[in-house]
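A, B, C and D are the chain letters, set down in written order, and residue numbers restart from 1 in every chain.
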Amino acid sequence: MLIAVIGGGQCSAEEVSLAEAVGRGLARRGAILICGGLGGVMEAACKGAKSEGGTTIGILPGEDRSAANPYVDTPIVTGIGYARNLIVVKSAEAVIAIDGSYGTLSEIAYALQSGIPVIGLDTWSLSLNEQLDHSIIQAQHAEEAVEKAIAAALEKKKD
Amino acid sequence: MLIAVIGGGQCSAEEVSLAEAVGRGLARRGAILICGGLGGVMEAACKGAKSEGGTTIGILPGEDRSAANPYVDTPIVTGIGYARNLIVVKSAEAVIAIDGSYGTLSEIAYALQSGIPVIGLDTWSLSLNEQLDHSIIQAQHAEEAVEKAIAAALEKKKD
Amino acid sequence: MLIAVIGGGQCSAEEVSLAEAVGRGLARRGAILICGGLGGVMEAACKGAKSEGGTTIGILPGEDRSAANPYVDTPIVTGIGYARNLIVVKSAEAVIAIDGSYGTLSEIAYALQSGIPVIGLDTWSLSLNEQLDHSIIQAQHAEEAVEKAIAAALEKKKD
Amino acid sequence: MLIAVIGGGQCSAEEVSLAEAVGRGLARRGAILICGGLGGVMEAACKGAKSEGGTTIGILPGEDRSAANPYVDTPIVTGIGYARNLIVVKSAEAVIAIDGSYGTLSEIAYALQSGIPVIGLDTWSLSLNEQLDHSIIQAQHAEEAVEKAIAAALEKKKD
């Protein structure tokens, strides 16, 4: 099972902790972690996954495989810039979003459009005509996010 | 000046009216309209622009130029699917968003990330940690959206 | 009618002359010129087209519209790097290739795969199992390339 | 080490044999096989790799992971159509090309442009101004192609 972790290339210490814990949880559950392959949330999640013997894939925006963070097992070199975000999301069976940048918001929206479950940790909430949109599955901590992501991915597989 | 109009490929009669009025307004102001080239909001905006002698560009997702709506002057054939949305947004000096689909949300987020002004008509509002995000410039009607888009594009040019 | 001119971002003085003459010829025949929007062959072709009152579109690889050469009327900002080459080729009804770089070869091959006619000026020839492949329509000078490109595009439209 | 195998989605029985043998050889040498994830040469190469306990990655053009052939371990879902070919090539440390379609030619050219070694099995040869271009490293059989690809990838790493 491929689960994506999305979030900023720069992030706070708290987000690093969250992302590492998510990475560890995914690895313990046997999920392959897919991400954008760079620093910040992506690196922390990969580091967590590797500390538990997990597998990591990094979908890189640029032309150079050496841009991958040191915890990426398999770097995929796209050369298509931010458009690679869509590949991270589309390749995943569920997405865990950590942080509040517009880049992460675009990936959340893109996943929801594609029918891929999104679990949110300290991230955006959405309203349309003053009605809260409940499509993002909110989680309070890393372990809950991992459980909900795996459950949602399994649920989706049954469809 | 290139101004993007984004919105769903299927839309309500009200959204058709809004989009046509936006297209007419852009043409009257001499702006070139860029959009995703298909139906719904995109077609209505192009139709409006052509009715006032404007110029329209359609950035198509598929492999076939004949998928363009009949009001597209210049079809650009990308073959990269939804990733073409980024090209619509990036090529514009300001973006007018009409509607409430996740696809439109992803484009709004993407434009905000890229520093391109977004004017919203009947579209999403965003919150982060229960704080409303004010980055989308809200407009109440088509003419206001056009004025604000052109003003924001001119303001950005000065930077 | 959209005709693409492809060739290197750096080129010889002879290629500059050829590309300018091709641009002038396309403009005189009323074709819109589409290219990668940068320097070398692309800039020379756009300059030629503008000198005869033609219209030019540049499909840019990067994130910045100001990278377009000064003879591009409408810059399309893709942010997808070299993958934008496919968009240049796909959007055209025929392609004129000037030069002998591998980048140009990839675009020639891509156009042939997509069934888009390719006219070659001082460019590659291809062999498969020691049999010459005749798919590239060779031209000896700029005017011949323009005539053959327009004829091939019209022929293709009839299909 | 990631080695790409490129070739048509439809191919002859002889090409199937070649591709399977290449896949087996790459797996025995411990290389990860990356390809376009679909049928023909891609499927045969993946099948060969799996028969020797290798690892396979498929970079899919469409929106649906189930389009991957049954021998793909990790499907990457791009949604960007043929532009995904560039990702197959860029992600590899060397490329083995099997067959003579224009799609394969475009990938060969693209790899050569990016400085990625290309080993050819029953594929194109290139001439510029009647001079043969020797950039494609020709191989006569599958085992030779595998050896040359791995040697070229190791050589490139030293640069």
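Note that in this section contacts are C-beta pairs under 8 Å (C-beta built on N, C-alpha and C of every residue); 3 or more make two chains touch, one makes a residue touch a chain.
Bear in mind that the values here come from a model prediction, so they are computed numbers and not experimental data.
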Out of A-B and A-C, which chain pair has the most contact pairs? A-B
Of all chains present, which has the mean Cα position farthest from that of chain A? C
Report the inter-chain centroid distance for chain A and chain B in whole angstrom, where each centroid is the mean of the CA atoms. 28
Roughly how far is chain A from chain C, going centre to centre by Cα mean, in whole Å? 40
Spell out, as numbers or ranges, the residues of chain D touching 2 or more other chains. 63, 79-80, 82-83, 86
Listed in rising order, the residues of chain B that touch chain C in the complex are 2, 32, 57, 59, 63, 65, 74-80, 83, 86-87, 90-91, 114
What residues of chain A sit close enough to touch chain B in their complex? 80, 82-83, 86, 100-103, 105-110, 112-113, 122-130, 135
Which chain A residues qualify as touching chain C in the complex? 63, 79-83
